[in-house]
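Chain naming follows the written order as A, B, C and D, and within any one chain the residues start at number 1.
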């Protein structure tokens, strides 16, 4: 038998497959049992009740989609009282994604979540930092350092930090997160993008721009996982365009210890289960005893990124 | 008749359609006449002879491709003596793309190109700046300002500056280019990406990472054109995933004055001509007299990018 | 003008979805039995989908994978209302209008092909056994959603009057099907001006006067929905409307498909896929 | 062992492509006449493509758009060697092995479909009218590229000996076609060990001794190419090799398809699509 277990810091997951925040909810329990998953990750919650963006909130673009859901949230109290109980019977560890507009508010919400039943915190620091110029914390190493430091002081739970791909320097951001106490990185959130209806001349999303996700973004985020794996020692959870077993393998080869499946679940609700089963078959066929042996196993020895030529 | 002419600074182009650097050469003259194009843009040349990257240099990924051609070049002298004459009979203005590893070397090559027959310079500043940390000039506003300033002093030709999408702050970079004398911006080059063969565990490109181009990147680069159009007043030439008339229209609506077609030409060699013809038909159908009226005509009035929610 | 009738409106209890009803949604590959053009715009698709799909009822929908073609590569699935379920054959039918990338792809399916379907999804129409007369007003592709409702009502002995609206006579869908279920059918078209809301309002008022109406049902037109809301409010006739919104997951996960609804304290956003697509007419807002 | 024969090798002038020969490459939609499985791995595709395509000659290729399927969405075109041109019917044929996304897509084409083709591309094989005997050595899908060469040689009265290599007898392609052109055919396989380079070398030496060889032609195997290079160098027999490399544009624009070749001053990179795909054997390097 193939050993599918993977370690993310001090947590051991049954297998490396989990949902991406915001692409998963109790509704999926009508299709399959969450007990098959490595972990469950909630939609990002905020301290207060929030509305979310105007519609249309979704646009299909090529092999992917744009979304401008925003972070509608009923607040942290509602989460603890009403959403958490729904996951109580589920054997997969519950990872709670949180967000806030300031480092202090981030620390606050994390403190409130210091309750039994939560296995880890995923800090979605791809959201704007209103104390600086509104740019997402994770766009710069400095603001990442500040917010992760506060988060680390606010919780003893494992702290996963979710990065944004909308930065020119993901390696430095990853290092700042590690240096300030992150237990793992999630790489990455959606890529800021846009689409315009050429018949009506109107943006196809109600909030003009939105986040690009799905298979189309995989080569970009995969590159970032590879870069982060070279910059840090903490585990990386790859997330971006994973739809099938080979995609998960590709991310693990690049350096991911585990993976999150997002948009693919909308198109193939059983995608996560397929990947779990597929990983077993893949490892069997290749004679790999432990799926964790795939992590970082890309054969890039002797190859070099030609600094002068990688960017045309 | 629809007026297809567009102005890029003091140049007036017959129509807004031209090839993207590195995706075009004399070979295409075997398929159609370049006289139909708004301009022709050469593959990036460097001062010295250069080799280019190891193979494989191309990998198909979804609706797009990765390339790691690098910038093989036979040098500027060879260009002037042997390549330029091949374009002499062509009525479309010749735009010469150049690159160099330092701001000074950039200025040098541009000075050498001060010869009759060249209509404009396109400075490919997406290449690494070896004087700093090897990051591309166009990744940061500061290094952009320095190199554009030197280029501006070195030539009286129209100066187009080609930006990279591998930055977290394309608006600031665009402004730095404008403030230091760019006549137009080309937005943008390829997105750094990667792919791994899950059978062999080897990177699918000989140089591990490469540039992602084609339809898959359109929503990302379109967003950047929109952001740049809000940051600067000089004309923007949109480039990224344009394969059909609607793509060109979408870029113009977002703020582009003209467009470059790259990878699509590999898949549909007549793609540029199709776009030229398609723009006429589109404008006729919509009752638009001048194609330039499309520039920036996106109906985003009253809509706002929700700073707090645009990034999930 | 009529004054409001004295009958008191009854509240239909729309059963909320249970927290985690175990595996009542099937994610399955379905065989195409037939897929034929009905007229210039509409196609009729029949899939073999025994099992959970057979539980589907009027107003519910499936999220269907649409094939890639030379020109189109639809990525997301497309929601399609259940047009008919034939348990004896294990078949389920859809009626769709060829509009964009997804439906162009669907139209290329041939008998013997298969495609992935997820469902049944959402909450269907609810009928109160005490009702005697209902009025169904639909337009365009909305008729696909309403057609099975007429049969469901007939089975329960509820009399149906169906006002079917379209651009032209040739484009009115399912007239025979409504008629076969025993419904009284009135066709109104843009062509002869009869689809004008004022005219439809006159028809409704006549109906209410003559035999009364216990509930209104509608789908496919914002103008008709607003008309029914207004008339319903005046006469305290409750109603249900099946709504559309762009979707990704169909399962309540993505929050793409929200619309505003009137709620006790102002407006409230609800997801069309799990909170609907059938909503109380009184709470639905213009779209 | 034989010593080098005293004949002096002649240099074939491979005509360089003119700077801009006007529009000699067609970008056109071609009708599929047939597309049939030849054996478990290979398909034979016939396209109607009158016009420029009719100028195609042995060794040249087309860049062919491959349809999307349920599983694959090939984006780039795929280069395919000209297998046969039938000017009388305006048809052009290809032989391909189903390997990955592109060829899986190609295999779904049916008579009556159409697909986009670009060509003819690259430089084909060159035959010197003074030659009497040539030896063609190919393996696997390389035989598709070499088959039309045998006919071209026959037309010019050049005698062809063809050594066709494959894993097993069942997979040797085009034996009849080579034979019909008048070529003497020798089949070697991995199955019976006859495809071993040492054995092929013995066959070559016998041939050279018996009737001489004016030129070697090869495609499809690095090992066989190296063998021919060595034997050719020893006996001063020139040769031509058709090479493959991943391509994007096929027109010399992208520089994806470079390989190293030996040049007067060390090695030099050349584009397989425009500088080849047929290269002088003496300049080709191991891949």
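FYI, a contact is a pair of C-beta atoms (placed from the backbone, for glycine too) under 8 Å apart; a residue touches a chain by one contact, two chains touch by 3 or more.
Everything numeric in this text was worked out from a predicted model, so none of it was measured.
Engineer: Can you give the shortest number of steps from subunit C to subunit D, where adjacent chains in the path must touch?
Structural biologist: 1
Engineer: If every step must land on a chain the current one touches, say how few steps get you from subunit B to subunit D.
Structural biologist: The distance in steps between these two chains is 1.
Engineer: List the centre-to-centre spacing of subunit A and subunit D in whole Å, with centres computed as mean CA coordinates.
Structural biologist: Roughly 48 Å separates the two chain centres.
Engineer: With chain centres taken as the means of their Cα atoms, state the distance from subunit A to subunit B in Å.
Structural biologist: Computed value for the inter-centroid distance: 32 Å.
Engineer: How many Å are there between the centre of subunit A and the centre of subunit C, using C-alpha atoms for each centre?
Structural biologist: Measuring from centre to centre gives 37 Å for this pair.
Engineer: Would you please write down the residue numbers of subunit A that are in contact with two or more other chains?
Structural biologist: Only 22, 52, 61-64, 67, 69 qualify.
Engineer: Of all the residues in subunit C, which ones touch at least 2 other chains?
Structural biologist: 73 - these are the residues of subunit C that touch more than one other chain.
Engineer: Chain contact topology under the given definition, line, ring, star, complete or other?
Structural biologist: The chain contacts form a single closed ring, each chain touching exactly two others.
Engineer: Which two-chain combinations qualify as touching?
Structural biologist: Pairs flagged as touching, ordered by label: A-B, A-C, B-D, C-D.
Engineer: Can you name the residues of subunit D that touch subunit B in the complex?
Structural biologist: Counting only subunit D, the residues touching subunit B are 19-25, 27, 65, 73-77, 101, 116, 118, 245-259, 269, 274.
Engineer: Applying the document's contact rule, which stretches of subunit A touch subunit C when the two form their complex?
Structural biologist: Residues in contact with subunit C: 22-33, 43, 51-52, 55-65, 67, 69, 72, 86, 214, 263, 265-270.
Engineer: Using the touch rule from the top, collect the residues of subunit A that touch subunit B in their complex.
Structural biologist: Residues in contact with subunit B: 22, 44, 52-53, 61-64, 66-71, 101, 124, 126-128, 130, 134-136, 139-140, 164, 166-169, 189-196, 198, 200-203, 206-212, 215-220, 222-223, 226, 246, 249-250, 253-254, 282, 297-300, 303-312.
Engineer: For subunit C, which residues count as touching subunit D in their complex?
Structural biologist: Touch residues, subunit C against subunit D: 67-70, 73.
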